[in-house]
C-alpha cells in the first residue's frame, strides 16, 4: 500500500444515488485491477470530521485518468486534491479460460462489477448480471453494452435460474454488509445443489465490503470468518471464495 | 437575543490579519449600535467542527447591509447563508455631551472601535486612537479620516500622554483577553493619577472580549469580576466601567 | 406524563421528557426566552447553586476542542439565599417547571439549600450534583440532608463512577438519577499556552454517556434521566431506548438553541412535517423524519403504558 | 535514550519516545512498511494477543462518530503460540523494537504468554492490557504472573479507573504504565439500526487521557507512557509536559499514517524545516513549527537529563 495524491478533474452525477469522478492519478495507480480500490481522505476537511477514510471504487481506467464511482451524498469538487492510500484489496480472481460469468447484485448497487465487466467483455467473456432491489436503480447505460441484464425478484428468483447457474463458469455476488452472511450463504447452497460434485476454487465468490478502519490489514476489524485461516476483507478481499467462509 | 439569517454578499481581504464581509441582513439587525456583535454559525459546516459560534463585529452599516470584520483565517464565501444570534452585548455607553474621545488599542486590532469612530466622528466628536504592538498592523485607511492616530510604544508611552488624558472626556481601551487585567488595571491607575477627584461613570471603560460559550448570558463563563454585582462580558459588555472591575 | 422520580407521596411528574442540563440555561431560562418556546420544555434545570456565593473561576474558562468544548466556570452563583431572592418571582411565573441544581459541597449545605427551596412556587424538584470523588457514604449523607425539604430529589452522578454512584444513590433513596455529569479533561489553552482543566462536552460524549445509562437502567429500579452529548432528536431517542425516562440536552443549546426545542417537540409527540402543513416556524430540518424513524424502530420500542423493560444493551 | 520501565536489572530503553498503540499496527508493522519509515519509531506495540486464539467479534465492528470512531474487534488473534510461530522471525528482523501486548484474561494465561515470549529475538517488553473491572488484587496477581518472563512489563490501565489502577499496578511492581486504554461507549450502528458497543477513539479523547496522565505522573514513581487522542506532534508534547516519558499514537495512524512518523521525528529531535534544506520526503506541514514551539515552551520544559518533575497540572 502506498500513499499518493490525486486531482479531481470532473464530477458527474449519474443518478440519484451515485456520481462518477475522473481523477488524474499517480502512474502507479494505473496498475489497479478490478476489485482493487482507493482509500481516500480530503485535504480540505474541516478538522477531523468525517474521520475515517472513504473507499472509492474504480469503474474505468484510461490513459492518465481513473474514474471512480461514489455515493452522490459525498462532497466532491473539481480541482480538489485528495490523499489516496492504495491499493485496498486484491484483484478479483477470474477463473482461467472463463467463458460465461454470472454476476448477482442483490439489493446493492453493482458499482464493484462495472470495471470487471468492462475489462472482461472486451476479452470475449459473456456476462450476465442479475439485479434485484436497490440494484435495479443503477443506471444501466453505465455498464458495457455487452452485459446481459436479468431482473430478479425480491425472493431471489429469476427466469431460467437453474440454467444460468449451469452455464456459468464462475459466480460473483454482491450484497450490502448487513445482508452478506444471509445472501452469500444462500448462494452457496444453490450452487451446491446444482454442482454437487465439483466446486472448483473461486467458482462462487462473495464480494465483502465492510466499514474499514485501517484498510491496511492491521486492525483485524474487517475479518471474514473462514474455515482455514484468517481472512481480512481489506487485505484479502473484496472477492472471497465462499467455500472458505463460515456462515453463522 | 433573536435568531436570524444573513447572506454573505461580498468578502474583502483588507490586510494579512482581517477580512471585511458585507452581509444582507434581517431589518432587525439594522438597529445594532457600536459595541453590539453577531454570534454566527455556518450552515455548511461539516458536522460539529468548529463547534462554538464565532463573534462577528460590525464595522459599518448602510441601508440593507451590515459590514463585519473577522480574522482572515476564517473561511467565508459569497452567497453563503449564515445563522445569526444577535445582539451580543450592549451599545458602548458614550458619555453625554462628549467632545473628545480617547481610544487605546493595546496590542489588539482596533476592529471594535471602527464602527464607533465612524458613528461619532460624523457627530463632531474629536477622536484620538492610540495604537501599539499588533494594533499598528491595522490598515488605517479603514478608519474614518477624522480620527487622529497616535503610535504608542510597547512600554505604554506616547507623546503628550498626560495632555491626551486631560483633554479626553472619555477613555476606552481594548487589549487581548489574556492581557486585559494587566492593561486595564494600568489604565485605571493612570486615569486616577490624572483625575484625582472626579471619576464620572463610564469615564474609563475597558472592552471585554472573552471566548464565549453561550453568548447569551446563561452560562456565566464570561463573568468579569466586579465589586458590586455580577457582570457578564457577553450580556453587560463589551464596554465595562473599569471602576466596577476587581483587578486580581 | 413522565415520572422523573419514584412513585410515592410526592413524585416529580413532567409533560415532556426533555430539559436543558444544569449550567446551560441560566437560573431561569430568560436568556433563551426569545430563541425558543419555553413552554415546549418538560422542565428548566437551573445553573448550579451553592449555599455560599461563588465567583467565576480564575483563568481560562472556555477552550474549543475537536467537535466540542472544554468549559470551566467555577460554578459562579450568588449563593442560595440571594438566588432565591432574585429568581423566586420569576420561577413562580416560569413557563416550564423549575428544577434547582444544588452542588453537593457538603451535607450541611445541601440541607440548608433544600430547606430554603421548600415552598418556592414553580420549583418542582432539586437536582443534586454529586462530586467526582463522592463515596457511597458521602452520597448517603448528602441524600439524607436533601430530606430537609419535601421536594423530590434527583442525584446527578459523574460519568467515570456512574454505575457505582448510581447504585449508592438509589440505595440512599434518591428519587431519580441523572446520568451523567461530563468528564474532566486537560487541554492546552491556545491563548495563554498553558495546560488548563475543566469539563469536556461535545457530540462524541454521547457514546460514553449512553453506555452508562444502559448499564444503570438495567441495574436500578429508579427513573433515570439521560444526559451527555445529545445533539439531535435521534440522539435523545437512543437514550430512551437505553432505558432513560427523559433526557437533558447540554452544550448544543449554546450552539443551536432551537435544537433544544426541536428535540422537545419530537419527543413530546409533536410529529410535524412540512408536508402535513405545519406552520413554517414549527418546522426544522430533520423534523419530518420523526414518524419514519419511529416506525422503523417500532420493534425495539415498547409503546405500552408500562415503563419499557431496559433492553439488554451491548457493552 | 528513553527509559520506559523503572531502573533495575533489565530496564526497557528505546530511542524515540513515540510508538503506535496496541491494536493499531498489526502484529509486526508490515501493513505500514510502505507508508512510513518504521526505523523512526521508538517501538512497535503489537495487536493484543491472548493465550487462546480469538475470532473477530460478531456484528458491528466499526461505527463512525463525530470526529472519531467506535471500534469493537473482539481482539482477533491466533493465540500466543501461533502468533509467536508466525511472527518470531519477523520480530527478529524488525526495524523497531517489539513490545507484545498481552490481554490480561487471567493470571495463568498471562503467565503462559510471558513465558512463551521469553527469548523471542526483537521482543523487548510486554504490555499487559488490564481489564476494565480489574481490582487491585487482580492487578497484583496478573503482574505477578508476568514475572514468568524476564522481559520488562508495562501495565496498560483503563481510562475510567486510571488513577486507582495505576497506583495498584505501580505497587504490584509494574515496570511502567501506559495511560490510558480508551473508554467504552454505546452508539447506534446506522447500518443495522441497533445500539452497539465498543471502544471510542478520536482527537477529543486527548483531554480525558491527558488529565489522567497528569494525575498519575504526580502520584507514582514509575515511568508513564501517555496514550489517547494524540493527533499531532503538539498533542504528543503536551503528554510529555504532563509527565509522560513517551507516547502511543492510536487511530490517527489509520487516518493519516504519515502523522505517526511526523510525530516520531518531531519528538525524536529531528527538527526539520523546508528552509533548512530538509529532503522533501522528510518534510510535512507543521514540521517547520517544531523549533518555534519548543522555544515558546522552554519555560515549562525541563531540558536537563533528569526526568522533569511532573508539573502541577490543573484538574
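Lettered A, B, C and D in written order, each chain numbered from 1.
Just so we're on the same page, contacts are C-beta pairs under 8 Å (C-beta built on N, C-alpha and C of every residue); 3 or more make two chains touch, one makes a residue touch a chain.
Since this is a predicted model, take the numbers as computed values, not measurements.
The chains that touch both chain B and chain D are A, C.
Remark: among chain pairs A-C and A-D, A-D carries the greater number of C-beta contacts.
Chain centres were defined as the mean of their Cα atoms; on that basis the chain farthest from chain C turns out to be A. In this assembly, the C-alpha centroid of chain A lies 46 Å from the C-alpha centroid of chain C.
As a whole-number value, the distance joining the C-alpha centres of chain A and chain B reads 57 Å. Rounded to a whole number, the gap between the C-alpha centres of chain A and chain D is 35 angstrom. Counting only residues that touch two or more partner chains, chain C has 65-68, 202-203, 231. Across the assembly, chain B contributes 47-50 as residues in contact with two or more other chains.
If you draw each protein chain as a dot and join the dots that touch, every dot ends up joined to every other dot. Within the complex, the chain D residues that touch chain C are 59, 65-68, 70, 159-161, 183-188, 193, 195-197, 200, 202-204, 206-208, 210-211, 214, 231, 234, 238, 241-242, 296-297, 311, 313-315. Chain B meets chain A in the complex at residues 45-50.
Considering their complex, residues 23-26, 30-32, 34-35, 47, 55-56, 61-69, 71, 73, 76-78, 191-192, 202-203, 231, 251, 253-258 of chain D touch chain A. Every residue of chain D that touches chain B in the complex is listed here, in rising order: 66-67.
Residues of chain B that touch chain C in their complex: 1-3, 41, 47-53, 83, 85, 176-178, 210-223, 225, 230, 235.
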